[in-house]
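Below: a set of structures, written as structure tokens.
Paired with subunit B in one complex and with subunit C in the other, subunit A is shared by the two complexes that follow.
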Partner chain A sequence: MAYYILKRIGYMLLTFFIVITLTFLSMKLLPGTPFKQQNRLTPEQLNQLMHYYGLDQPVPVQYVRYLWNFIHGDLGGSFQYGMQPVTDFLWQRFPVSLQLGIEAMIVGTIFGILFGVIAGMYRSTTLDWGTMAFSVVGFSIPSFIFAAILQYVFGVQLRLFPVAGWNDPWNHVLPVISLAIGVTAEVARFMRTEMVEVLSQDYIVTAEAKGLASSAIVMKHGIRNALIPIVTVLGPLTAAVVTGSLVIENIFTIPGIGTQFVESVVTNDYPMIMATTEVYAGLYIVTIFIVDILYGVIDPRIRVSGGGK
Partner chain B sequence: MEHLLEIKDLNVQFNIFGSTVQAVRGVSLQLNQGETLAIVGESGSGKSVTSKAIMGLIPNPPGEIASGEILFQGKNLVHYSKKQMQKIRGKEISMIFQDPMTALNPTMRIGKQIIEGLIKHQSMPKSVARDRAVELLTLVGIPNPEKRVDEYPHQFSGGMRQRVVIAIALACHPNILIADEPTTALDVTIQAQILDLLKELQRKRHTSIILITHDLGVVANIADRVAVMYGGKIVETGTLDEIFYQPKHPYTWGLLSSMPKLHSKAKKLQAIPGSPPDLSDPPQGCPFAPRCPYAMKVCQEHMPDQAVLSDTQRTACWLLDDRAPKVEPPETIRAGGE
Partner chain C sequence: MADIKVTGDLFVPSDIDHTLSEKIARKSTSVWKDAMRRFVQNKGAMVSMVIIAIIVVMAMIGSVLSPYDIDDQDLTRSNLPPKISTLSWIPLFDGKENGVDTYQQRGITKDFWFGTDSFGRDLWTRTWQGTRISLIIALVATLVDVFIGVVYGGISGYFGGAVDTVMQRILEIIAGIPNLVWIILLILVMKPGLLAITIAILATSWLTMARIVRGQVLKLKDQEFVLASRTLGSSGGRIIVRHLLPNSLGMIIVNTMFSIPTAIFFEALLSFIGLGIRQPEASLGSLINAGYEILQIHPYQTLYPGLVISLLLICFNIMGDGLRDAFDPKLRR
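Here is the complex of A and B:
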């Protein structure tokens, strides 16, 4: 198991390295410079600035220098914010995005599993069709539409929840729901399919033949086996929710990393582009790693070299 | 003497896509304490559905028990509620299944799968139940049970898994064990071991066994009595010797002839030509008539009654009627039965 984890970590580092390289190279293809008033600068002044920040050197040299600094924990300063270290921004903003994403995932997963199990248990009934209709709607409509609707109805009209901000727990309700609807829909769909599949397995008949009550069969033999494939969906879904929340962050003016990311690309803020991408990539890679480990915990068959025949 | 289990005129049907499939059509059976009854027939003859009906495991919808009685110790299980049936299943009547590779929950330790029934039926504390699980694994011949009780199904071979399935079925000392093709999915050498195990367990515990199979070799090995099913009906019943040495029904003849024999000179296996009847539109007369080499006009039109040939043998065939021509069983049968 330790060897497996070490190997996985090696691959993760490799993936991360490739992401950095590709991002760096494609970022250099962006037109323009990071300097805000470049139109007012004379070519000489511009060259001077480029030279000062080392941007006039060949891309491979810049790339190697970036890597060197990166290894030493220096991600550079933000051009937009007077060369203030980008890590300052990340420490400030990333936890907010992460919190929003995780809250939405928790809410979405719980309701998704619940709806999926119910639909799977009572398949081909009104309950099943109702749940699946909700799922299709939740799945097809983007989260920012829900965000706008929720904001208008509960924020503006009913004044139950604040329309913007993040500091108070009440602030979390609307953005979390907006993001969670899609998660619920996706998880419910998968969970239903898996439940239907699992409940038709032979070992469910074995459990029935033991005389167990149907509730016990669903709880002990059904859900756990149905959850296994769900875990694989959850990893990418988490990454998608955390990284995809930038529109929601904008709608509810949440000071997360999503807004920062968009801004940095628009203004050619190179270190910031790199840093935000690295956070996203790192997050994605780590989630998938965690999912693989979880997979082994839930399904003993794929527990790596854990005893056996 | 009262039978342990008596099935009277059981009819089971499945309503699928607007048509009704009559899987079991008027089956009557008896099972006595401590005996092994084999139900033999080809796929779709209704033998598995009969066993599922006894367990109350006919999926509803689409299936239902249309009529008939299943009397277990004199009580009619057909009228039992879901809750009442849960108390019968696993405790009074247990079942082992065809494919041990899929019959166990892959994510649950086998010890836990064995004791689930015990905890439910005998409200046994977990620690005691664990000891029982180890005992049961020893009983079904699994080496090193102390350790294996905490393992998962994928760590067992097919034969070992079937032993685990048997241990699960035996956990609560059931009166009746229904074995639905228990050896079909196993290697031949393992088959013999599992059959020996069933015989031994029956001797030790006086459990009655209903064995569902299409394998006459298995039947010869283990059964006391045999019921031959075809097209949802029982066409012949009798003791093992009666069925193997004095079969009277042409379908039984066909089954016996199609059994491969070691000393046979024939190069090809005998087969019964044709295919089983469509039970969504069952034939009016004898279901075997279209494939029967001796079929008469009456066979197509009327189902024959069960002719009583001895205390134990009953055969539903028009050939046994006084007016029918005398027909001798084919060569392969008279020679057979070794």
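Here is the complex of A and C:
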């Protein structure tokens, strides 16, 4: 197990290093300078600015310096906000995005398991068809369309929930639902398949034969065993939630990493783009790592064969 | 019940015709025919296929049906709600918004079936043109993704050993980078546009295909029929093309079916955050984005592109599920 974890950590660091390098390189390939009113600047002024921020040095030098600063926790200053350290913004905004993501994952997983168990138990009934129809729709339609619909219906028309902001708990309702629908759908699909599989096992027949109440069978044997493989979908789902939250944050004007990212793309704020990209990548890589380790703990066969998925 | 005495002479030994046991009662079905039969029986998948076909046809001919071009701007007819004179008894097509007949008010006699946007451009034309762009991006990205995935996965799986290890490590590292980051970086470096979006989507979607093909090839290459072919002197290339690929084709088709909606989704996402198709061109994503900005005043402008993209995504997913069940009935539960 220790070897397995070490190996995964090695991969994690390597992947992250590659992400940093890629981000750096693509920023170097970007057209235009990051200075806002560049048209009004004389060439001398522009050169001075480029020199001041070290942008006139050869790319390898800039790269090494970037890595060096990165290791020391310095991601540079935001071009857009008068060189205020990028990390200041990240510390302020990351918790918001994290909270949104975690809330959506928790809500989605709980409802997904619930729907999946119900569909699996009452297989081939209207209940099952209904749940699966919901699941296909929820799985197919992008979260930003749900967000637009929810915002229009519950925010604008019915005025039940606020349409923007984050400070009040009521603000969380619509964005979290928009993000959670996809998670619910995916988990429900998976959970139903697992339930059907588990309920056809011999030990369920045994439990029935010894006269266990059907509720006890489902609770003690069914759900418990069906839950294990759910861990595997959590990784891809996190990626989906991260992707979705980028847009959801912009729709509901939530002060998270996503809004920051879109803003920095529009304003050519290189250090900010790099930092937000790295945060997204880091978040994803760490989640995949945790999921892999969790799965290795639950199912020892994974460790022996070595592969994650 | 009558009392029947069961005696031995009631029973006669039956004739056993040993030639019959070898008789094949029905024509043998190929895997393909079998899969097709199961697929055709799947009602959901068939309905989805019809809906997709209709949308594809409309994407091809829809914009011709309307006299307006994609970029015909005319501010005198801006923000008109949908109106179809013959269907005006349906509230959605009566040309009224909040009870006011905008057409009458402005003295416009022509019909705009899906309404117009804030520049007075016909949304019917734009919606179907946008659908066309979205479908083209999805199709091109998917086709190239199948090609790269099959080649990469095929080589990796067939040669195995060190080649496989190296290729899988590379794949693992690329897969470790979230799609979104990959796509956005690529879009930023290239100029946003049709090609950039297609390449960016492609850059992430071939990974799944490569994994699936490798898995299939690994599973198949040690089976007896491959050994037989090899014994008869087949070259590696022939084995891959004649034996390994045709047997993996089912899985490849199924995965392709799931790649298309993913591509449509990412195109819409990128256009929605402003990194996609630029004006005056339209895609489903950019139309939803444009409509979303005035959703609170003119909700109909988001309705149709939103409806088309939702239908496309749902139908492709149902069809993909149907194909998967058809090719591998064991998976159906």
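Quick notes on this one:
Everything below uses one rule, namely that the second predicted complex is superposed on the first by the 284 of 309 C-alpha atoms of A that agree within 3 Å, B and C clash if a C-alpha of one lies under 4 Å from a C-alpha of the other, contacts with A are read in each partner's own complex, and residues count from 1 in each chain.
The definition used in the following text is that a residue touches a chain if its C-beta (ideal position, glycine included) is under 8 Å from a C-beta of that chain, and two chains touch if they have at least 3 such contacts.
This one's a predicted model, so the numbers in the text were calculated from it and none came from an experiment.
Of the two partner chains placed by superposition, A:A164 touches none, neither subunit B nor subunit C.
With both structures placed on the common chain, the touch criterion links A:R224 to subunit B but leaves subunit C unconnected. Look at A:M1: by the touch rule set out above, it reaches neither subunit B nor subunit C.
In the superposed model, A:V196 makes contact with subunit C only, not with subunit B. The partner that reaches more residues of subunit A, of the two candidates subunit B and subunit C, is C. Shared-chain residue A:I9: touches no atom of subunit B or subunit C. Judged by the touch definition given at the top, the superposed model places A:A213 against subunit B, while subunit C stays out of reach. By the touch criterion defined above, A:M83 lies against neither subunit B nor subunit C after alignment on the C-alpha atoms of chain A. When the two structures are aligned on the shared chain, A:V205 is found in touch with subunit B, with no touch to subunit C.
Of all residues in subunit A, those touching subunit B in their complex are 201-203, 205-214, 216, 220-221, 224-225, 228, 298-301, 307-309.
Residue ranges on subunit B touching subunit A, taken from their complex, read 55, 57, 82-83, 85-91, 94-95, 97, 99, 102-108, 113, 116-117, 120-121, 151-152, 154-155, 157, 165, 168-169, 171. Within the complex, the subunit C residues that touch subunit A are 172-173, 176-181, 184-186, 188-189, 261, 265, 268-269, 272-275, 288, 292, 295-296, 299, 302, 306, 309-310, 313-314, 316-318, 321, 333.
Residues of subunit A touching subunit C in their complex: 11-12, 14-15, 18-19, 22-23, 26, 29-30, 136-137, 139-142, 144-145, 148, 151-152, 156, 193, 196-197, 239, 242-243, 246-247, 250-251, 262, 265-266, 273, 277, 280-281, 284-285, 288.
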